[in-house]
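In the two complexes below, subunit A is the common chain; its partner is subunit B in one and subunit C in the other.
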Partner chain A sequence: MASGEKAYYIGTDMNCGGACLLKVYVRDGVITRMETDDGEEPQLRNCLRCRAYRQRVYAPDRLLYPMKRVGERGEGKFERISWDEALETVASEYKRVKETYGPAAVVYLTNGGDMGQVHNTRTIVRVFSLAGGCTLMWGIASNEGWMFACQATYGYPAGVDHRDVINSKLAILWGQNPAVIIDGCGSSFALAKAKEAGTKFIVVDPRYTDTAALVADRWIPIRPATDTAALIAMAYVIITEDLHDKRFLDTYTFGFDRFQGYVLGEEDGVPKTPAWAEGITSIPAQTIAELAREYATTKPAALLPSKAPGRTAYGEQFHRAAFTLAAMTGNIGIHGGSPGCEITQRGTTPLPMGSAMKTGGNPVDAGSPRRRDALPTAISKGPGLVARLHNSEVMDAILKGKAGGYHSDYKMVYTANVNYLNQYPNVNKAVRALQSLEFIAIQEQFITSTAKFADILLPTCTFFERSDAVWGAGPHLAYQRKVIEPLGESRSHLDICMALAKKLGIDNYNDKPEEEWLEQIMAPAVTDYERFKETGVEKFYSEPSVPFKNEIADPANYPFPTPSGKIEIYSQQIAAIETPLLPAIPKYIEPWESVNDPLAEKYPLQLITTHFKRRAHTQFDNIPWLRELELQAVKLNPQDAEPRGIKGGDLVRVFNDRGEIVIPAEVTQRIIPGVVDVPQGAWYDPDERGVDRGGCANVLTKDKRSPGGAMPSNSGLVQVEKA
Partner chain B sequence: MQMGFYFDQTRCTGCYACVVACKDWHDVPAGPASWRRVATIEQGEFPDLFVAFFTSSCYHCAQPACVVACPTGAIMKKNEDGVVMVDQAKCLGKDQCDLCLQACTYKSPQFGAEPNAKMQMCTLCPDRLQEGKKPICVAGCPMRALDAGPMEEIEALYGDVREAEGFVYSTDLKPSIVFKPKVKPGPVGSSK
Partner chain C sequence: MVRTREGKVPPVATLQGRSELAGSRARIYRTLSITYARPADEHLVELLRPWGTLETELPQGALPEIMKRGLRKIWIWLERCGSQPSEELLTALVAEFTWLFRGLNRFHSPPPPYESVYLDEGLVYGASTERVIQRYRRFRLKGQNNEPPDHIALELDFMRFLCEREALAWQTEGGGQDLLKEEDAFLSEHLARWAPAFCENIRMSDTTGFYDGLADVTEGWICCDQMIIEGLTEL
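Right after this comes the complex of A and B.
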């Protein structure tokens, strides 16, 4: 180690899918270089994103001072102001909007940029709650369809411990790509070890992913948004060939007979045969039958669907169908099995997931009735409230307000931890919505595509510049030690919120500094708090966990928290809310913007918006060490490229009625014909004609939610032409 | 003694963690110089594909052509560990000379974007080796697909397979690396 240099271990988690451990070297208050976990195995090794974080901390384009807008909104012209002026403006605008239109007119938009226990999104919700309230969101972009399906079917969500896949004889990765999405620190490594130990892997995916390259014994390409049809046809084969586990179904499930009736065609006269599914999915009927037989006759077998196929129109049905197949094959609650949920880094810690700070009860939520179509026993009540806006519909709500049937008119937006414009559907509509607002305040590290629309910019620091602790849903807790002072005048979330609360005249916002919060939250969970701060991590490794183990081993004492106490293939909760296109048994419903949509004549290609290796969603898109690794390009099969005269590297227009992006084409055999992939997260960068040159996928996505709340970012049609 | 690498190609997901970790540790800016690189190998036609990744660096050859090619003696091979290193003070710079790059089968010599960039390449992290640590790429690989050490030990641990997808062993240069190569199976697509 160089002289004067000190090394610290700090936990990382930024909605990247992982929660890993960096070893950070600091000299004279400056981060000099990094290593990763070098302690006991299983080590929590970082991916490329964190390895490049030094460039993010010291990026020349870091937002370091409060700013106010001086040009037109969206133009990105700002002038430095004092914190006092910035916070005074935000506070007075909040008060003005609240008094003029009511607190619901203030919309707080957020996501997972910071995943700490202290400096998270609740910090801000508490400010607005105590100040009189604000409108919050529901509809998690990643996984709302899956959450809905879990709550309806099992009563609560679950994931498969990646260390348990080694116990599977067969693993079916359905749309899951941990080589890029991480899906829990070490998940790719766990899959590699399972393969080396003899697990057979089948990958069902529109793309031959990097994970497929790692483990696939067989790749089954599938048309996006049709996955439910493939699963239901597999059920048809399993039922008609009498391969289902009737004892399991009798003991643990509710309503299988109704599902069977639908599958066999007794309900609608259409037997859901592999031939029926072939026309929808483009998987040969023979292949569907083989897959069904192999899955039903290999035990234990793990069906591991990611949340991506659920990010489609009627995506809830995909997850409900996967859970049903897992039950039909008796693979739930056993080692090497799977309840039809994705792999992650699961385990138990003595710490419940959550936040230090209470939100204080948001008055806008408190005064709201429940949505008619919210599940009655949903774990979290907030998302089920009429006052909440679904993330697919925020911009529509801003544009239309009460006249459009929404709960309120919306006049002010405050964002933190999110590049909202970029990461939610229909960017061009979002631009119009943001332009229509009276005031926008944005807490950010960079002048992102959203931050360009701010009236006031509040610079927030990185996790190296304040202390926190993270639990990334893995069997470890990690300490985030402040290793350098905040750069410029940037501040932590908590510091910003405390100052804003003061400006708003709130005197009971917080009386604890971050260190006291941390000790209070973490000390009961770790054996030696000082050692925890030193090592940066406390690992709680035990046997791989098995979701729903108790419910299966001892159903009398551990009923599923559903109305029947069983796995509800027929969901009584869904039946009770009587919502069109939300059937009580899993069904294939033709998604909007499928290839059969008349719109396909104009826009014949299906769009998927996948994760990208060198970004965590929109984060890191501006970091040079990462930018140079991969080009933001639209990926398409030669069968689609050639008739359009497109060669790899050509600039192409990708467009539909919602907008147009111009980016290079990447012609690849690794994607099913008829489908194009624009990796999500590239920063929206419109030219003077409003054509996005940055390659932001959401310029093309539709802002409409699925009935169960899924955000259908993988249901959309586009055309591609040479630019 | 000859230091060298092991690469388990069956484990590589092409994640670039090695590339970025190296750039950070050695403070190599974004740009054309990358001491470690990752290539994607794609073969076959939809849906019968074979995809592999290959991470490359200087292989600190037993008989390095760059040392012979360098007109100023800027590149030398260290006796004690066989590491090939460059003395940038002696390097003529890319505008004057790129004989090392031309001589190297593996295109390991790297040049930055600056005018008359001096040659740079993998040093095998001597600071780390001295502390008993593995090179930063090895220590950072999330897939544990890389190792480095004295070739005798590396071969004792991993065998002596000298070829992999995307790599041809040069008997002239004798690169110091062994592999667990990714073997092309029968077709993996759904059509079969």
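Right after this comes the complex of A and C.
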């Protein structure tokens, strides 16, 4: 270590779920370099993204001063103003819009850009709640379909501990790609260890992913958005060959008979055979049958369906079917099994943290009835309100307002922790919506594709410039010590919100400094708070957790929190909603923009929008080291490239009725014919003709939500042509 | 860094002359520093007025062609203003300033004017920043709060500081040679290493004509001042 350099261990807070540990060297108030956890095993080592974080802290394009728009909205022309003027403007615009149109006319858009315990999106929700209210979103972009399915089937969400996969004889990774997405620091390392110890891995995915390359004994390619059909056909084989665990089904589940009837074709005259599924999924019937038998007869076996196949039209059915298969094979509540959920521990391992800042109750929510198609569960309480806008419908709502059947007209948008324009479906429509608003204020670290549309920009600092704590998707907690002063005039979320609250005339916004909040929240959850701050981490490395262990071991005392107290294959709560596209049992419903859609004549290729190795969604897209690794390119199979005269590296147009992007092509066998992959998160960058040259996948996606709330980013059709 | 020799600068012999020259040079640095520190305001015309007689304040033939070109571009622009720039013109300047000097967009706007961004892998607070801090420290100067000290406005202001000290030194301590050495070192090790690339970026991106001219003046002045210093130290 150079003289005067001090090293600190700092947890990272991307919403990749890692919360991995950086080792940060600081000298004279400047971060000189970053390494990673070099402490006791198991180490929480960062991937390439956070290793490049120094390039982000000291990026030349960081937003360091409050800005005000000059020129047309979206032009990207700003002038620097003081914090006082910026906050005064935001406060007075909020008041004006509230008084003229009502508080519901103010929409707060957010996501997981910063996952700290103190400096997170709640700080902003509290400001608006105390100021009079605002319209909030519902629908977790990552996994709302899964969330819906969990609530309906099990009563609450759960995930598989990656440390438990070593106990599985067979693990089926259905669309999950931990080698790229992380979602639990050390998840792909755990898979590698499991493979070494003898676990057999089958990967079901339209692509031969990095995870497949790492562990797969077999790769089963599948058409996107057809996964439910494959699972249901597997159920057919398991039922007709009498391989299901009847004792488990009788003891722990409710409504299996209804599902069985549907699968056998008693309901609609169509037996859901492997041959039936072959036509839909393009997986050979024989393969489906083999997979079913193997899954049903290997014990314990872990079916690990990722959220990606659930981010499709009717994606909630995929998760419902996976849970049902897990129940049919009795793999729930045991080591080495899986309740049909993916590897993740986010929100699933209860930790006795102290209470965090409360949002204070949003008046707009308080005045709102429930949606007819919302599940009546505790988790759905807020999201189930009519006043909330689904993440895929926000822009339509802004454009149409009450005339379009929405709860309110919408005139103002405030965003933090999200690059909204970039990451939600139908960017061109979103641009029109943002242009129609009266006022837009954005909290950001960079002038992103969304931030370009701001009227007021508020600079947020990075996590090295304030203190916080993070809990990722793995069994550890990390401390984030502030190691440098905020650059320029950037501020933490809490500081921004305290100042904004003052401008809004709120006097009870916050009574605790950051350090006090941290101690209140974190001290109860760690063994020694001072040591936690010193070392930067608390690792929980006892037994791997097993979801629903208690419910299976002791059903009398631990019923599932469902109406029947059991795993509801037939969900009574869904049945009560009475919507044909939300069947009470898992069903395959033909998705929109599938290969059978008439649109396929014009746009014959199915689009998937996968996670990209060198980004965490849109974060890091502008970081040079990471940009060197891989071009933002559309991946397509040689069978689709050749007839189009496309070679690797050629610039191509990817387009449909919603928009057009122009990016290089990568021709590869690692994706099946008929499917193209535009990795999500590249920053939208339109040229003079409105054609996106950045490669933003959501220029192409459809802004229509699945009935259960899934965001269908993997259901879409496009055409590709040489540019 | 190659200095274009446009003819040797005649030396200034008297102490009084050198002191006045240092004062003129300090004022030029000061004006430049202000134009990069913040967007133009209604005092712009006043601020630039002294540049009308620049040629008379400097040794004969000292002004390089590029600087003359830059001054001409600025005069043309000022003529359009009249005696007072309009609200519209100022707003356009403010927008341009932010676009050119705040690094708003990595791929479309010029990099922000920090030495470290130009010389150390495109990041702020790089190794160059550290060296600049060391130089300031020798004169017990600190940067501004939270602003990297290698911003062009601050580096130009440091040159102003040195020139003012030098002006005083010729009158009192009997010699400004040490300060001339310091100025020469700062220019050759810092400002002159990155200013040309910075100025080229401004010329390529500016749409007002004003900052285009300013870039010419900046690049020309740094070169010119290096030659003036060379002339003075040869004595």
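Quick note on the criterion: the second predicted complex is superposed on the first by the 709 of 723 C-alpha atoms of A that agree within 3 Å, B and C clash if a C-alpha of one lies under 4 Å from a C-alpha of the other, contacts with A are read in each partner's own complex, and residues count from 1 in each chain.
What we mean here is this: a residue touches a chain if its C-beta (ideal position, glycine included) is under 8 Å from a C-beta of that chain, and two chains touch if they have at least 3 such contacts.
Quick caveat: nothing in here was measured; it's all calculated off a predicted structure.
With subunit A as the common reference, the superposed partners subunit B and subunit C fit together side by side. In the superposed pair of complexes, A:Pro221 makes contact with subunit B only, with no contact to subunit C.
Applying the stated contact rule after C-alpha superposition, one finds that A:Gly186 touches subunit B and leaves subunit C untouched.
Ranked by how many residues of subunit A each touches, subunit B and subunit C are led by B. With subunit A as the corner point and C-alpha centres for all three chains, the angle toward subunit B and subunit C works out to 60 degrees, nearest 10.
In the superposed pair of complexes, A:Ser564 makes contact with neither subunit B nor subunit C. By the touch criterion stated above, A:Arg54 is placed in contact with subunit B and with subunit C alike.
In the superposed model, A:Leu626 lies in contact with subunit B only, and not with subunit C. Within the superposed three-chain model, A:Thr579 lies out of touch with both subunit B and subunit C [touch as defined at top].
Contacts of A:Gln435 after superposition: neither subunit B nor subunit C is touched. By the touch criterion defined above, A:Thr240 lies against neither subunit B nor subunit C after alignment on the C-alpha atoms of chain A. Once both complexes are placed on a shared chain A, the shortest Cα to Cα gap between subunit B and subunit C comes to 5 Å. Within subunit A, the residues touched by subunit B in the first complex and by subunit C in the second are 54-55, 624. Those residues of subunit A that touch subunit C in the complex are listed here as 28, 30-31, 54-55, 58-62, 65, 67, 70-71, 76-80, 447, 485-489, 622, 624, 685. Contact residues on subunit C toward subunit A in their complex (touch as defined above): 39, 91, 94-95, 97-99, 102-109, 111-112, 114, 117, 121-126, 129-130, 133, 146-147. Partner subunit A is touched in their complex by these residues of subunit B: 10-11, 13-17, 19-21, 23-25, 27, 29-31, 42, 44-47, 49, 51-53, 131, 133, 136, 139-144, 185, 188-191. If you check the complex, the residues on subunit A that touch subunit B are 1, 33-36, 38, 45-48, 51-52, 54-55, 179, 186, 188-189, 192, 196, 208, 210-214, 216-221, 283-284, 287, 613-614, 624-629, 637-639, 668-673.
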